[in-house]
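One chain, chain A, links the two complexes that follow: it is found with chain B in the first and with chain C in the second.
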Partner chain A sequence: MTPHIPPLNAHVVIDKPALQTLFDALQTAGYTLIGPTIREEAIVYDEIGRIEELPIGWTDEQGPGHYRLHERGDGRYFAYVVGPHSWKKYLYPARLTLFRTRRQDKSFTVETGEEPPPKYAFIGARGCELAAIAVQDRVFLEGPIQAATYKARREHAFLLAVNCTEPGETCFCVSMNSGPRCESGFDLALTELDDVFLLQVGSQIGAEMLAGSGWRPAGAFELSHARRLLAEAETQMGRTLETRDLPNLLYDNLDHPRWDEVAERCLSCMNCTMVCPTCFCADITDVSDLSGENTARVRVWDSCFNPDFSYVHGGNLRPSIRARYRQWLTHKLASWIDQFGTSGCVGCGRCITWCPVGIDLTEEVAAIRGEG
Partner chain B sequence: MSEGQKPRLAVFKFASCDGCQLTLLDCEDDLLAIAGAVEIAYFVEARRRMLDGPYDVTLVEGSITTDEEVERIKEVRRQSRFLISIGACATAGGIQALRNWADVSEYTQLVYATPDFISTLAESRPISDYVPVDFELRGCPINKGQLIELITALLIGRQPRVPAHSVCLDCKRQGTVCIMVAQGIPCLGPATQSGCGALCPAYNRGCYGCFGPAETLNPASLGQQLITLGWKEADVSRAFRSFNGYAPAFREASEQFEK
Partner chain C sequence: MYAPQTTTMAPEPMMPFPALITDIKEEAPGVTTYALEFEDTAVRQSFTFQPGQFNMLYLPGIGEAAISISSDPGQPETLLHTIRVAGNVTQAIARLDVGDVIGLRGPYGSAWPLAHARGLDIIMVAGGIGLPPLRPAIYHIIHHRQEYGQVTVLVGAREPADLMFPGEYDAWREQGIEVLPTVDRADDSWEGRVGVVPMLFYSLRPDPRKTMIFTCGPEIMMRFVVYEALARRVPKERIYLSLERNMKCAIGFCGHCQFGPTFLCKEGPVLSYNQIEPFFSVEEF
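Our next item is the complex of A and B:
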């Protein structure tokens, strides 16, 4: 008997507990499930297996430099926005050994030694996060050189996306045209309704994973309910970023006094770049043992706020916090477009929430625009 | 390092608690490799044999607090090719540098039964205030991995990789959720140099600043945020004035918030 699977692009509904059948199907298909779960007083991304590990009934209160979890008192599965982690933690790991060398007599051998790339299913990726993955695809896959380790992880990734119906205080995906609806780049896109999950089928494998879920075609009421929730969400963004002529605004204001003001507050601590789902800067370092016989070349996340990052022969290119903040913001919002044909910002708001002193890039841009 | 024979290693102690030298003994498996790669010529805490200098690599623990130590460190410098100060005492003056803001004779009156026997300098200062230092390894105590990296780099003849960035980068790389943002716990991580592996935040405690000031820091802004989170100015001052309190950037911060 052929399995009962929905057609491509179909909208179907499943009972909420039936999400477990989807998890099971993914695991049977060899995927490692990575999804939202509560750890260290936050909703992080980690390996999960059961729907009970999702932050059911919890939400996140966010503001500049501020994040708190709250119990909602309902059974909502996805009633939070985005947390301190992003999927780059898995697609572009913070620390990765690229190869090892071993000295032998007067020569040396090289072992690439990457194990078979992990096969991840990402549970709960939001519109802004799909956009962020698309940005990193441009950087790592669509340039003159492809990043092999990224490609291997990316090609196999299954994406269960979630449409955001309750944006957070630091969200501005509408400004960056990346949400709250997931438009493309997913295998399944889920909208949480009161009693059921509405799912849009985005790929053949997405359809196959629903075989045992007891799905049924979505009704007109469910579709219109979801449309209404998403239309409302669009009006509930905690922040806005005016993008009109943004690159030129920044290029024309490289000596604006606002850079000095933000430098008074900025800690140069690197948190914004670490939580940013598109920031990709890395350092390559060779680690050797005491004998010098065995060496590993390791790639680690790095940041334009790290003094060592801009150290070149003779000194530091960006010795001041002012220079570093300006470099980060102008790259993210302006020269990124020149470089990759897309903005580096997807409006997820992580850099605002996770800045220990709550610097808000939307506020900085508004101030430079003269609207502060 | 000189060809043919093993480099000679010495370890000297000044005003300190011995914790940093112990880090060398804590190297466990690597200790055997180190002992095989160098000749341990002078290391009183580890072996009775004490060979005279000169030494290729000298690790110096502790701060300078007496006239006798001032003379001794000069002699150690004369006998050493590479002199590396290890730990918060040797690199910043240590917790005993709290005396630098106080009257040390008042302390000796209070602490000792016969204060007349005590001969000490008014201030506790880092090794580099008295002799040129080739490298400083921070921390209270130093980190085992950084010590092995340093010895490895010296043996191979390359630069040691001892980053000067903030603790935050380590928290983020290992996926630790920011305790300041998510729990409102005051933390010195954004101002403190990496080295411990971001240990305390991973256990729900704010960074104590054991590795001293990061290369770039903004203690004024961080201090204001700590006050926003509930600390008083005096708390901020005290936090900066601990193991590395006399390191210039922390010293200035502690004095700024003392008022």
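Our next item is the complex of A and C:
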């Protein structure tokens, strides 16, 4: 019997507890589910299997250098925005063995670094996060050489996206044209309504995963309700970033006094680059056993705020925090566009929330623009 | 019913190939040339490179370093790398002998614009360890001498003993290449010029309509080379520099070698001055 599945691009509704049938279908199909869950007083991404592991009824309060969870008491599944983790934790792991060498007499052999990774299903990716994945796709897949480890994780990843109806205080996806609605790049896109989930079917496999969910076509009321929620969300962004002529603004102001001012506050702690869903800089380092016979070549996340990042024999090219902050911001907002045809910023606001001193890049850009 | 539970993997692009050290030659204090041959015959026979490109040299347990190829592009089965001891990896390479094996991958990066330079005069300006990345271009010009106009090589070093490849200058001259060495500090043996390399421009009368500049050396030296070349009305787009930054991956993934919009491992290390002008004089950039 052919399973009862919705057509591609259809909008359907399911009862909220039926989300578990989708989780079950994904697991049966061999996916490892990763989704939002509460650990150490933050909403992080981790392996989940049951809908009860989602932060149901919780929300996050965010601001510059500020993050707190609160119970809402209303049973909402997705009434929070993004936390300190992003999907790059899985697509581009913070620590990964690229290959191993084994010494043999005077020579050595080279072997692959790791077992092929699992097939991931990402539950609850927001519009800004789909945009961030698309940015990393350009970095790792669309150049002359493809990053094999990224490709192996990315090409089979299932994406259950979530449209944001309640943006956070540090969000500015509307400025970066990356949300709050998920436009493309998902298998299913979910909008949470009062009693049901509205789902847009983005791929054949997304449709197949709904076979046992008891889905029904969405009605006019549900569609208009979702449209209204998203239209409202667009007006509720906590931040804005004026992107007009931004690359030239920064390139023309490489000696602006604001860089000195921000350097007074910046701790060069690297938090912003660790939480950023697009930052991709990495170090590559060797880890040997005690005999020295076996060595793993390991890639680890690095940061342009690391003083050693710019080391060339004899010294660091960017010894001052001023130069390092300038490197980060001009790369993110200007040279990224030259390199990859897209901004490196998707407006998720993580770098603002997780900066221990609350540096806000939207404020820094406004100051350089003379509007601060 | 669906695809397997795990995914498949393409080979890791940063994997090196074992290469045998077949010869070692000391060039100057702290500077040594290593002849390397890939152990795998198919890899060795399929490898080609263009003058100005670099390889990544790897020692398991120590690390990897980006090193320019200093040999004849017409003989790519034996690759020369002229290395100055500067960091962990180069220090460890300095302890190796003929018959030892190191990891090698490449070639990477952009090349000197030799096709573009056909029919033009070329002035090469090298400071210290900046000559090895230019030597493949010199060999190429010797093999295709009739395709180029006047070729002048300005070579500078701190002291006479630091000059790179002095034993080859006469052979280059026999092929119609003018070679002008200079040193910052002379000793009793030295009968040539004394002074920094950019000063050698004062003895040249380049024709700005048909001159191309290739330069490699300390950035401060290259700044003066650019200054002298522009003062002689050589256009920015015909001044080429080989820049150096920290490099970890050589394939545009690690981010270390960025110079403004440029990844020096991909679009560089050889860049024209008009590509980098807005950033070349920005401090700590």
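By our rule, the second predicted complex is superposed on the first by the 371 of 372 C-alpha atoms of A that agree within 3 Å, B and C clash if a C-alpha of one lies under 4 Å from a C-alpha of the other, contacts with A are read in each partner's own complex, and residues count from 1 in each chain.
Methods note: a residue touches a chain if its C-beta (ideal position, glycine included) is under 8 Å from a C-beta of that chain, and two chains touch if they have at least 3 such contacts.
Just so it is clear, the model here is predicted, and its values are computed rather than measured.
Asker: Specify the outcome, clash or fit, for chain B and chain C once both structures are aligned onto chain A.
Answerer: Superposition check on chain A shows chain B and chain C fit without a clash.
Asker: With both complexes overlaid on chain A, does A:339 touch chain B (first), chain C (second), both or neither?
Answerer: Only chain C; A:339 stays clear of chain B.
Asker: Given the touch rule stated above, what does A:267 touch, chain B (first), chain C (second), both, or neither?
Answerer: The first partner, chain B, only.
Asker: Under the stated touch criterion, which partner chain does A:292 make contact with: chain B (first), chain C (second), both, or neither?
Answerer: both
Asker: Of the partners chain B and chain C, which touch A:254 in the superposed model: first, second, both, neither?
Answerer: A:254 contacts chain C only, not chain B.
Asker: Check the residue A:203 against both partner chains and state whether it touches chain B (first), chain C (second), both, or neither.
Answerer: Neither chain B nor chain C is touched by A:203.
Asker: How many degrees, to the nearest 10, separate the directions from chain A's C-alpha centre towards those of chain B and chain C?
Answerer: The three centres form an angle at chain A of 70 degrees.
Asker: When the two structures are laid over each other on chain A, which of chain B and chain C touches more residues of chain A?
Answerer: C
Asker: Once the shared chain is lined up, is A:175 touching chain B (first), chain C (second), both, or neither of them?
Answerer: neither
Asker: Which holds for A:68: it touches chain B only (first), chain C only (second), both, or neither?
Answerer: After superposing on A, A:68 lies in contact with chain B but is clear of chain C.
Asker: Minimum C-alpha distance between chain B and chain C after superposition, to be given in whole Å.
Answerer: 5
Asker: Shared contact residues on chain A, chain B side and chain C side combined as an intersection?
Answerer: Shared contact residues on chain A: 285, 288, 292, 302.
Asker: Spell out the part of chain B that touches chain A in their complex, as residue ranges.
Answerer: 30, 33-34, 37, 148, 151-152, 155-156, 161, 163-166, 168-169, 172-183, 187, 189-191, 204, 215-218, 220-222, 224-225
Asker: Spell out the part of chain A that touches chain C in their complex, as residue ranges.
Answerer: Residues of chain A touching chain C: 29-30, 98-99, 101, 103, 106-110, 112-113, 115-119, 139-140, 143-149, 151-153, 155-156, 205, 251, 254-255, 280-286, 288, 292, 295, 297, 302, 304, 309-314, 317-320, 322-323, 327, 330-331, 334-335, 338-339.
Asker: Please give the residue numbers of chain C that touch chain A in the complex, ascending.
Answerer: 1-18, 20, 39, 60-64, 86-87, 99-101, 103, 244-246, 248-249, 251-256, 258, 260-261, 263, 266, 278-279, 282-285
Asker: Which positions of chain A touch chain B when the two form their complex?
Answerer: 39-42, 44, 65-69, 83-85, 89, 94-95, 264-271, 274-275, 285, 287-292, 300-303, 305-308, 321, 324, 353-358
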